[in-house]
């Protein structure tokens, strides 16, 4: 069975060959095309029977394009805005103005960082109170200026720390949700990597929620679920399966509106194509939303979130007998 | 000429006599009435030619009733609410729910403290970002629940400190002003002691602004003005005169709506009577404001603050010649 | 298991039990002083040990009884039962877990909603029950809270939420995460209708419930002995290697940081709510 | 007098002059490198010393020239002059002070308002002038800012404020304090009209101006070398006996604490504003 280690080794080899051909002008094109065919084959095999745990690993892939990389490819311009006007500027959750198809938009995104130093500085995309307050501030700009709000979600979750708890991280997430739901302009969220729990939902309460094919969106990390529910770290892949965190499953549940296909091999194998897909989808959904008058837009949003959930009504009498 | 030292000495003597009579049952009522007559006489003399600097000293009088003392006397109940949901709870600016004439209200007030320990804890009524954020939070409750908002202002100013600047004290004052101006219910502010600059105006942008007779309201402390404008600390009384900080002068300017008379000798000589005056005035103004429909209330508020200021229009041509 | 104990003051009253008792036990043993207490007697005393003052664990029903005027509560919990949208199985299938919890608690899910009076004031009161899968918020809890708020709007009476929750209902996946925007949305409707909303944080108020509906009340009380926080201490220590302060996520920690309006002893909770409700009573501005 | 100098980097470009020059001088001496610079040449270089990169002091007029497209500015400052509501006399009468400042600056008061274009984008631009009684906000400044915002609403173009203020106009007493709610009020109208508001903090942005209109922009830029704070360092040290950090109330201090969106070098301010304005251009949601 192909595993991600084999894949990665082959990917590295292909990359190395390409480098040699380009840099040193070596005549290795035959070897390259051979390897590329092999890689393609293995990928097909691997992606044909992708487990949800494989998807988690893809969503967390070290080469997966990060927030800022996607933002720069998806949007025509990006002008970063900083600070929550009180606590500071949290670089784990960034945002600013941008253009999309000639239209001004407000963008929010988690930033995980690629290098170790970046990851430390961005705390792997785990934002704290200043981050969620900044998010709410930028949502306020979108609201006042009637600019569409677009968020790219990629976080393991909100930052769990003493400082964060001291500044009411929970309350700042609640305010972020409240503010996002009240923006008087179209809102679209795209889960592009990890959609980790409250830290994700804080900027994902949009009119349309899209999701990259190999992104995940989950109420808890598979590791956390394994520890709490299975009391066994080895149950992590099983937990990933159970949590229903994959894009197709969430689409089936109606939690997300559209799965955005990734290149075979995942977004990191072709960030440009991935960005193109995101851009095309954003423009399509924004076009639809722009055609709605404000009261209808808000009514649809209200209905979407008011009605979410899965339960059934029973007759209490019979229920009590059942127990 | 009578000065406040002579007055205070006599006040202390009267208090001592009263104590002796009550506690030890000594027969000193004749001496007491003699002294009281003398005190009354001196007070009349002193208050007849009260300078603005005298008023400053009265407004800062160590026995002047503090915020919480007035709140407990003016309102039927007071239920304190705490915290800004982010930074902490600033006890220099307090607030909560209360009743006034059977009607629920939201109350805000600066708290200076009486004992040294209290003064340290309350920073002499100088609130920081957490205080002004709490104020805005409570204004939000008044807004949502359509409860009248009443503020009692008594502060030397916002707290000037590194921590306060680090958490954007200026921005929190601006937000407090913004929030107070948008409360969808009647608002009344009473300057009861010191109305010190931005720290005062942050909770004083009301539909009606009342002022105790010997309270002050100023853009800068007389000491500060003396230092900056006169470059001479001895000019402080002169600065107090120049700044127009007294209730009658501010009434004449139209900045405040009503001067609430204090007992002869100042609020501290009869806190109960002072509280009665405040209560009566609050109820009268609230009655008037309650009779207005919301759009009219907000329109009047808008007009009041849109039109405030003193300037004249000129013909630019002639102006340039004048220079 | 004690979760709050003021060691310095040797104050046994600050001991809180977090392990539910079995509903069928008529006598309960106080885990603080070891005495056996008659359940009925305990109920009359807000479930506070008459011997040592320790707080016993409260079910939703017991909590309601301890807060509302006798005989005033009408159960309006909607007859809703959780589906199993994910076909979730951990060590047991989710439907079995739900059924077990139902059997144990007599509740349909982790919240009970009543129309009642508190010291004479009519309210819609929603009380979460920690016994039911850790008071976790899934689709049913989310819907019940929304229906409760909508009922409060309809009746024009204050909404009171007694929170007790470990967070989101993991077994419903992202659908339980969605209960965060859902409840926040309807809280917005409540606010626009000018209906007061009072939250009481009891043991424990954490995770997704704290990061949505619970944090958005007009007035927030914390019961003495509760735990208030977004992330669990173990997660924090594992992720950040930080040493946690001794009072971390206690009610006093929250009060000092401006997160709650008051810390209230259990025996005073009812009168405290009564005070607030009476202060909100009377002619508001109708302009 | 230098107010900002990056000692570590020995970067002379970070030197900012805060003493105004006399308008009649054709040649100005750079206080950083000592060179004499021809004023016209300086103007073409955003008032940055061509020899060492130091920032010269900017009047409102010079600031406007450095920001807007050549020939695009129409002065729309209302012909308003301060009254003397208090009959204020310190070392000299307030009316004399005003007249002096008018003579010195050619301005009616501490703000100049123009309709102009910045890199092609129409704006209403209000620029404060620190030479005019320390850029203090009295009745005239308050009214001019309100009129400017109302003009932006009327024209449907962004409002840009270049702040430079020591705070409230002390000589007008509480009336100048009242300019805080006044400007905040009209900023609210601007927001409801969906008009973008960009603030630029230049040396210095402090006191009552910072605590009202300046703090409420959608987007806030800080010019390199500015000073941003509510209370003066001397007041803070006297009141609290605190030792102030070396970067206290600098633009980097403000940026690190989330108070501004960007720190921008003077030579980039115009293109930076152009970028923002162009990003706000185009079809917004009109639903």
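Just so it is clear, A, B, C and D label the chains in written order, and each chain counts residues from 1 on its own.
What we mean here is this: a contact is a pair of C-beta atoms (placed from the backbone, for glycine too) under 8 Å apart; a residue touches a chain by one contact, two chains touch by 3 or more.
Keep in mind that this is a model prediction, so the values were computed, not measured.
Participant: Give the chains in contact with both chain A and chain D, ordered by label.
Facilitator: Both chain A and chain D are touched by B, going by the contact rule given at the top.
Participant: Which chain maximises the distance between its CA centroid and that of chain B?
Facilitator: When every chain centre is compared against chain B, the largest gap points to A.
Participant: Which integer distance in Å separates the CA centroid of chain A from that of chain C?
Facilitator: 32
Participant: Find the geometric centre of each of chain A and chain B from their Cα atoms only, then give the gap between the two centres in Å, rounded to an integer.
Facilitator: Result: the chain centres lie 52 Å from each other.
Participant: Mark out which residues of chain D touch at least two other chains, giving numbers and ranges.
Facilitator: Each of 215, 257-259 in chain D touches at least two other chains.
Participant: Indicate the residues of chain A shared as contacts by at least two other chains.
Facilitator: Only 85-87, 167-168, 171 qualify.
Participant: Determine the shape of the graph in which chains are vertices and touching pairs are edges (line, ring, star, complete, other).
Facilitator: Other.
Participant: For this structure, enumerate the chain pairs that meet the touch criterion.
Facilitator: Chain-chain contacts present: A-B, A-C, A-D, B-C, B-D.
Participant: Which residues, counting only chain A, touch chain C once they are in their complex?
Facilitator: Where chain A meets chain C, its residues are 126, 158-162, 164-171, 173-175, 177-178, 180-182, 195, 197-198, 200-202, 205, 217-220, 224-225, 228-231, 235, 239, 242-245, 249-250, 253, 255, 302, 305-306, 308-316, 319, 323.
Participant: For the complex, which residues does chain C have touching chain B?
Facilitator: 191, 194, 196, 215, 218-219, 255-262, 275-276, 278-287
Participant: Which residues of chain B touch chain A in the complex?
Facilitator: My answer: residues 85-87, 129, 167-168, 171-172.
Participant: Given the complex with chain D, which residues does chain A contribute to the contact?
Facilitator: 77, 79-89, 97-99, 102-104, 130, 134, 141, 144-148, 184-186, 289-290, 292-294, 296-297
Participant: Under the touch definition given earlier, write down the residues of chain C that touch chain A in their complex.
Facilitator: 78-83, 85-86, 88-91, 99, 102-103, 108, 138-140, 142-143, 146, 168-170, 172-182, 184-188, 207-208, 210-216, 229-232, 235-236, 239-240, 242, 244-245, 248-249, 253, 257-259
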